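What follows is chain A paired twice: with chain B in the first complex and chain C in the second.
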Partner chain A sequence: MQISTNIWQWISVICIFGMWSLPLYKDNPFYRVCQNVFVGSCAGHAIGIAIGNIVNYGFEPLFTQSKIDLLIPVILGLMLYTRFFPGVAWLSRWPVAFLVGVGVGQTIYASLRSQVINQSIAAMTKFPQPTVGATINGLVSLIGLLSILTYFLFTVPQSGVVRGMSELGRWMMMVTFGVGFGNVVSGRLSVLLGELLKIFGDWLGMI
Partner chain B sequence: MRKEVPLLITFVVALIVMLSQVTTGNIPGLGVAMPDLFERYISPWMTVVSAFSLCLASVNLIVVHSRNISRKQSEWIYSLILLGTLVIYGAWCTYIQINPDNTAAASNYSLIYNYILSPLMTGQWACLAFYVASASYRAFRARNLEATVLLASAILVMLGATPVGGVIWSKFPVIQRWLIDIPNMTGQRALLIGAAVGSFVACLRTMLGIERGHLGIGGS
Partner chain C sequence: MSLMERLQNVDSRIIYVLLLIALSLPLLRPIGIPLQTDPMVRAVYDIIEGLDPEKDRVLLSMDYSPGAGLDAEVSPVAVVEHLAERGIKWVAISFGTTDGPMMTNRIIADLEARGYEYGKDFANLGYMAGEENAVRLFALDCLSVPTDVRGNRTDQLPVMQGIKTIKDFAFVMQFSMGTPEMWIRQVVDPMGIKFATGTVTVSVPSIVPYFNSGQVKGVMGGVSSAAQYELLCNKPGRGAALMDAQSMGHLLIILFIVLGNIGYFMVKDKKDNLAAGQ
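Up next is the complex of A and B:
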């Protein structure tokens, strides 16, 4: 065992223990300090990137390349802050409207193209497949998809065949949620193992 | 003016962005194509306005915590720590963003990023592993057949993902792969299609001004 003499390794491990002190012990001042340092550093980093973007993509081309059109987003951006002045707070709706407009325009196309159309195309399977296994997989995919979509069909009374399909859809969703949960647990544990590796390897030199 | 202009901005911008993805020809009378309009104007404008909006969120954070400190409210010391860290990281990151040629400042910043911010972030994520363990206990109490299906598929996936699963039975990784590729993919696909239809409708309502909650004007 050879403990690291690198000050940064020590700081790093202190930060990790600070965060872990909440689940391993209880809410305590050490955790609260780490938590606030975490929030402050994340926010500070985000501010830095944002100001960098404003300067590099806003002010610099505006003043050095005389791109006058960039005055519009700068003014719109400044209008966001009018919400701190009640008399003119309504002006902050304009930049919000712009941001929402861009998001809406992108989502309308993307949701139809990449999700509804592309996913529907991917769900279409040719029968029979070359092997029995592949045919069964194709059937599971097709029937599973239709049954889950039937579960979300609220315009048709849930009785008879529709009810049966809907129940099957619920079962399929349970499998999906189970797989999702299993993946989340595995993912979190692998992050935890990475941290343990850092503690026992980089810091304590035991691995 | 107060209501109509924002609605008009949303409609026009959304229309330009939407059409820029499906049209290629020039707009009659303007001599410019929609994709060019998006590339040249909307996209860079979006970068700048969204950067301003991010700063607005930070201004709110600063206002709230400054108030805590000035009024010496309980636990104001934590607000002081938060603001201090925010100022250090904010100033340093801004400096290296504006002066990309200063490599010494950038490499020093990467130290406080890699050895303070990054461990805090991964430490927080790893914390969730502890909570997931207790959540698993509650979720995995198989109270009915559907919960049992959820439990079984989660256990099979976890066993397949870990080396010990393969040692116990060599088929666990195969079952895990099948569960992920076939039933899980099918479920994800169906949920994606359902969510996409919902988001399409919500976006259309917003674009047409039926949904106005984002502007604080209220519903239709």
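Up next is the complex of A and C:
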């Protein structure tokens, strides 16, 4: 075992213990200091990156390369801040409208193609598949798709075959949620393992 | 209070401490639990193995933050290690989070310490604001990023020579904390690029349909995928080191769930019997 002499490793590990003190003990000043250090450093970093972006993508090409067309986004960006001046606050709606319009326009047509049409095509499996396993997979996928769609069929009375399919759809969704929860647990364990690796490896030198 | 009733009211701190012990012991004394390779992980490996170091370049979209911990960080480290070993040049950029360039710099620092050259073997183009629109803009004109994180002009970087659009990259991989829909919508489907994704474990089920449809060519999810990838490369790293502990953690949680459910049903039966007796 060889304890690290790097001050940043110490700060990092102290902050880990600070964050652990909430679930293992209770809310306390040590936890709140560590939490605020994290939030503050994240905010500071984001501001630094944002300023760098404004200079890199806006001011520098505008002033050094005379890209006059960049004046439009710069002015639209500045208009966002008019909301702090009640008399001209309405001006801030223009850039917001522009951003929403471009964002929605850019996304809608692409979503239809990629997430509806292409996914629907992929769902149309040919039977039988080359192997038994693939055929079973395809069948489970197809039955899952149809039964879950039936579950959300609200315009038909839920009785007879529709009710059976709907019930199956509910079970399929429960299995899916279980898989999702399992992955959440696994992911959170990985985060915890990262912290343990820092403590035992980087800090204490035991690994 | 019976044992079964106590199981219903275990102090969560006891569970935390038991979990810490279960995770710590295999970290300090690895057991060597064998790993199976997932076809989605092997697909990423096969793509990189199929690249030509002389002419192919790879784009990495680094869209993860330190908050996601090792679950997000081990996959890009494993893939970059593979790229470096094969001598394939790569370029990193970030669209989803402002922390991406910082996370890339951590990987680059390690490579530079081993003699790899910034600008020639790899480059970090920093963060480009605008998310989905920025992805589309960059895909159409990769030189729309004027400078990299070190202030070098992008069009003068050796690694960027000959790159104009995203189709000039032989392979694109996004590392994120979520799902890659914006890449699929804006670049993969309209431009037909070879694309794979690395994400945190929790997001893997949401990506599998895109792998099945062929829109995503490979998927890496969290520490377990990274461990498999490291073993495929014959270079066990942090991912492989963590898998024993991860497996022990899973076993302990399964045990808690089973005991909790046994306790629940036994107490419920007891209450039902008492109610029937009255």
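Criterion: the second predicted complex is superposed on the first by the 207 of 207 C-alpha atoms of A that agree within 3 Å, B and C clash if a C-alpha of one lies under 4 Å from a C-alpha of the other, contacts with A are read in each partner's own complex, and residues count from 1 in each chain.
The definition used in the following text is that contacts are C-beta pairs under 8 Å (C-beta built on N, C-alpha and C of every residue); 3 or more make two chains touch, one makes a residue touch a chain.
This one's a predicted model, so the numbers in the text were calculated from it and none came from an experiment.
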Which of chain B and chain C A:Ala122 touches, first, second, both or neither: both
First (chain B), second (chain C), both or neither touched by A:Phe30: neither
Partner chain in contact with A:Leu76 - chain B first, chain C second, else both or neither: first
Which of chain B and chain C A:Asn56 touches, first, second, both or neither: both
Touching partner for A:Val179 - first (chain B), second (chain C), both, neither: both
Chain B or chain C, by number of chain A residues touched: B
Which of chain B and chain C A:Glu195 touches, first, second, both or neither: both
Partner chain in contact with A:Trp203 - chain B first, chain C second, else both or neither: neither
Partner chain in contact with A:Gln106 - chain B first, chain C second, else both or neither: both
On chain A, positions contacted by chain B and by chain C: 23-24, 42, 45-46, 49-50, 52-53, 56-57, 61, 102-103, 106-107, 111, 113, 115, 119, 122, 141, 176, 179-180, 183-186, 189, 191-192, 194-195
Residues of chain C touching chain A in the complex: 12-13, 16-17, 19-20, 23-24, 27-28, 68-71, 73, 98-99, 101-102, 126-129, 132-133, 136, 146-147, 181, 184-186, 188-190, 200-205, 209, 212-215, 221-224, 238, 241-242, 245-246, 249-250, 253
Residues of chain A that touch chain C when the two form their complex: 23-24, 42, 45-46, 49-50, 52-53, 56-57, 60-61, 102-103, 106-107, 110-111, 113-115, 118-119, 121-122, 141, 176, 179-180, 183-187, 189-197, 200, 206-207
Residues on chain A engaged by chain B in the complex (per definition of touch): 8-9, 11-13, 15-16, 18-20, 22-24, 32-58, 61, 69-70, 72-74, 76-78, 80-81, 83, 90, 93-109, 111-113, 115-116, 119-120, 122-123, 137, 140-141, 144-145, 148-149, 152, 169-186, 188-189, 191-192, 194-195, 198
Residue numbers on chain B that touch chain A, as the complex places them: 2, 5-7, 9-18, 20-22, 41-42, 44-59, 61, 75, 78-79, 81-98, 111-132, 136, 139, 146-147, 149-158, 161-162, 178-197, 199-200, 203-204, 206-207, 214-217
